[in-house]
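What follows is a short report on a single structure.
Each chain gets a letter, A, B and C, in the order it is written, and its residues are counted from 1.
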Amino acid sequence: MKVSAKDKGFKRFSVLILIILSLQILSSLGIISKMSFPSPLSVCAGIGELILTGMPPGYRLLTHIEESLVRVFLGFILALMTGFLLGIIMGWSKRVSFYFNPVLELLRPVPPLAWLPLSVLWFGIGIMSKSFLIFLGAFFPILVNTILGVNSIEKSLIDGCYSLGASRRDIIFKVVIPGSMPSVLTGIRIGMGIGWMTLVAAELTGVKSGYGLGYMIMTARDLQRIDLVVAGMVTIGIVGYLLDAGVRLVEERVLKWRM
Amino acid sequence: MKLIKNRLCRIILLIIFTFLFFCSSKEKHEDKVRLGYLDNDLHHLAAFVAIEKGFFRESGVDVEVAGVFKAGPEEMSAFGADALDIGYVGLAPATVAKSNGVADVKIVAQANCEGSSVVVGRDSAVTAVSGLKGKIIAIPGNGTVQDLLIHKLLDENRILDGVNIVVIKPPEMAPVLLKKEIDGFISWEPYPSKVENEGTGRVLINTGQIWENHPCCVLVVSKKLFMKSQKTIGGIVKAHIKATDYINSHPDEAAKIAEKYTGMNTDVIKSAMKRIKFVWLPDKKRAEDYISFLNKMGYIKEENSEKFLGEFIDESFCKR
Amino acid sequence: MSIFEVKNIKKIFQPTNNGASLLAIENVSFKVRAGEFVSIMGPTGCGKTTLLKIISGLEFPTEGEVSFDGQKVSSPKKEIVLISQSEDLLPWRTVTRNIEFGLEVRGVGREDRRKKSGEMIKTFGLSGFEEFYPKNLSGGMRRKVSFIRSVITDPAVMLMDEPFIFLDENTKDELQVFLQNLWMKTGQTIIFVTHSLEEAIFLGERIVVLSKRPSRVEKIYDVSIGFPRDRFEQEFMDIKREIGRELQRRDII
């Protein structure tokens, strides 16, 4: 089904709007009790309250978002640098991959949240203990997809370039790295997504600065403000969506040769 | 066509089974009364004693422990989800939950006064409250009694703006203090006594010194249970009063029970119990002060505190 | 004066798990002069690709040796370029940047590269396609770009392994003419492997015919028609019939 440029306006949101409308109607009619789930309108009001008054009172939404973004970016950048580098090396060298695989396969299934107690022990309650968990979440998708990307490059491409007189260094920088980009960018998108999701869990124990979206939601829950909890969730969803859209834009640029 | 029918049948069966599963997991123990309390909170000693000495059973009430929580707000969420019938919990989280419409509960008795402390690190240079300016202090959660008290303390000393208040779960407070990630914390007994006993910190000020005889924990019951059987409520409160009296008349035996439930050693328990006043009559006057503070902090919006408390607190069961 | 010497090449493949070893090439020898276009023709599976890989230095012979300019060939060299059957253009580079690849790895500066690639593009009729990505080119176009990017580095020898095998008939004809034109203009030494007799005759000055596996040199033919060649001309068709009949008798085709 071809989607024309015009369609990209509102049509894509039609199902979402339908769901929100139905929820509001059901809530207003009392079919969904306000205790089980706040109505979309009260969630909107909640977002307004979070922006103006904040949760806890005095700690406003925009600063929460800012702090969370900083933590996620820090963790993500670390994951990108290490995951990409290790991925290229492991994809290129069968020997390195042979020895490193067991270690990584053992660590991979452990969810970032399980590292929380250790992280607090090592890094305290500052930014690093949160970014560490986010790093763990983003690292594996980036690593795995980079290795995949390197391995998916056709041997004939590499042979042809050797034949043209390329050195091993040339091959790595001019063929392997650009060639693995489609997979790497997929890994980046997934890693960014998981990193952002890990955020709430990461901010559950002690946030020194008192700011962070996960922390804000926990506070709202402590103060029994479910409408603000959902407003916080909606905010997390929106920011996550925007982050993903950002990566997709970069992807389109870098991978325009695939269009 | 057959393939589609087959798959459709399987999907329908799956949905039915999932539905049945959820229905069955909501089965209630119709006759048991579900009790909740806080992990390692010595304020709830009456609950431990009442269970150990069989006071609930004597009053004809079948009580089972349905939840142990890390902080008050979590316990109130459980009330909201209809997972508890009665509970020992801080007055502040109970008030916030009731006022914000999450848990419909009634206070039928009080559990204690005072019994929390502000603790600083053993090597800390802070000797007076004013020394807390510019420091980082941990509380067990927003909307807890400790949150309220630390705000009161700092506000009265005019240093509220200069202090960074962080939320950390009580078991983690001591390790984080030791790492010097925070400069101090305020928590319920026996944590302050434990930290003193281990030599990792010292008490700066007891909450009793911040606000004399301030109510702390209360005994709440769900509105549902309240409407169902007044007789049961009567039995529960009777057991609670008996347990409270026992603590005050037989402190050593009570201490042994406390050791069993908290896992902490005798010295810590003895020291902790000294700082707690175990009572049972609700303090309506001071509860009004709670409401003013919670309003001021922006946690609740209760304009008519008298009307609210009239509905919230029921002392009629409190008689020997 | 021969620039390339293939001497008594023998290749046995060792089995990996079970089964006997495979004798792919029994004994192949021939010489190539500078600037010559030599076709190597043989039935499918006779080891043509393996032979070419050995010549290019990507594989080792079990016996025998290949010498280039008097020196033994044991690894890929900058002066020997191999064009394989499969797609070898870098998909993320434009036509221009693909063509410039060989110059890039030789350290040629940007301006010089642009100049040279621009000339090549114009000379061989690719104007207008400079900024295209391989994905948006036809199969035939991509092959043309492959040739140009190999020839721009001015190699001593170009090895080609059935480069037109995946193209349709019309494109094949077009590319054969293109290649012949390119060879006439640049004077490269070219060794061209194919299974098609007509292709071998159209392009080559000499044809080295290989037997079925294990391969030996069956016969080396001289094709003395002038260039550029016309496949519908009488002379061409006569030679094709002559060689074809003989190879049929020898059970090569």
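Criterion: a residue touches a chain if its C-beta (ideal position, glycine included) is under 8 Å from a C-beta of that chain, and two chains touch if they have at least 3 such contacts.
Here is each chain with its UniProt name: A = ABC transporter permease; B = Solute-binding protein family 3/N-terminal domain-containing protein; C = ABC transporter domain-containing protein.
Note that this is a predicted model, so its numbers are computed, not measured.
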By mean C-alpha position, what chain is farthest away from chain B?
C
Taking the mean of all protein C-alpha atoms as the centre, the chain whose own C-alpha mean lies closest is A
Taking the mean of the CA coordinates per chain, how far is chain A (ABC transporter permease) from chain B in Å?
36
Cα-centroid distance, chain A (ABC transporter permease) relative to chain C, in whole angstrom:
49
Determine the centre-to-centre distance between chain B and chain C, using the mean Cα coordinates as centres, and give it in whole Å.
84
Each of the following residues of chain C touches two or more other chains, namely none
In the complex, chain A (ABC transporter permease) residues that touch chain B
34-35, 53, 56-58, 120-121, 124-126, 205-210, 215, 218-219, 221-226
Chain C-facing residues of chain A (ABC transporter permease), complex:
154, 156-157, 159-167, 170, 174-175, 178-179, 181, 255-259
Listed in rising order, the residues of chain B that touch chain A (ABC transporter permease) in the complex are 71, 73, 76-77, 80, 93, 96-97, 100-103, 136, 138, 141-144, 164-169, 172, 175-176, 179, 181-182, 297-299
Per the contact definition, I'd like the list of chain C residues that touch chain A (ABC transporter permease) in the complex.
56, 58, 76, 78, 80-84, 86-88, 90-93, 101-102, 104-106, 133-135, 146, 149-150, 153
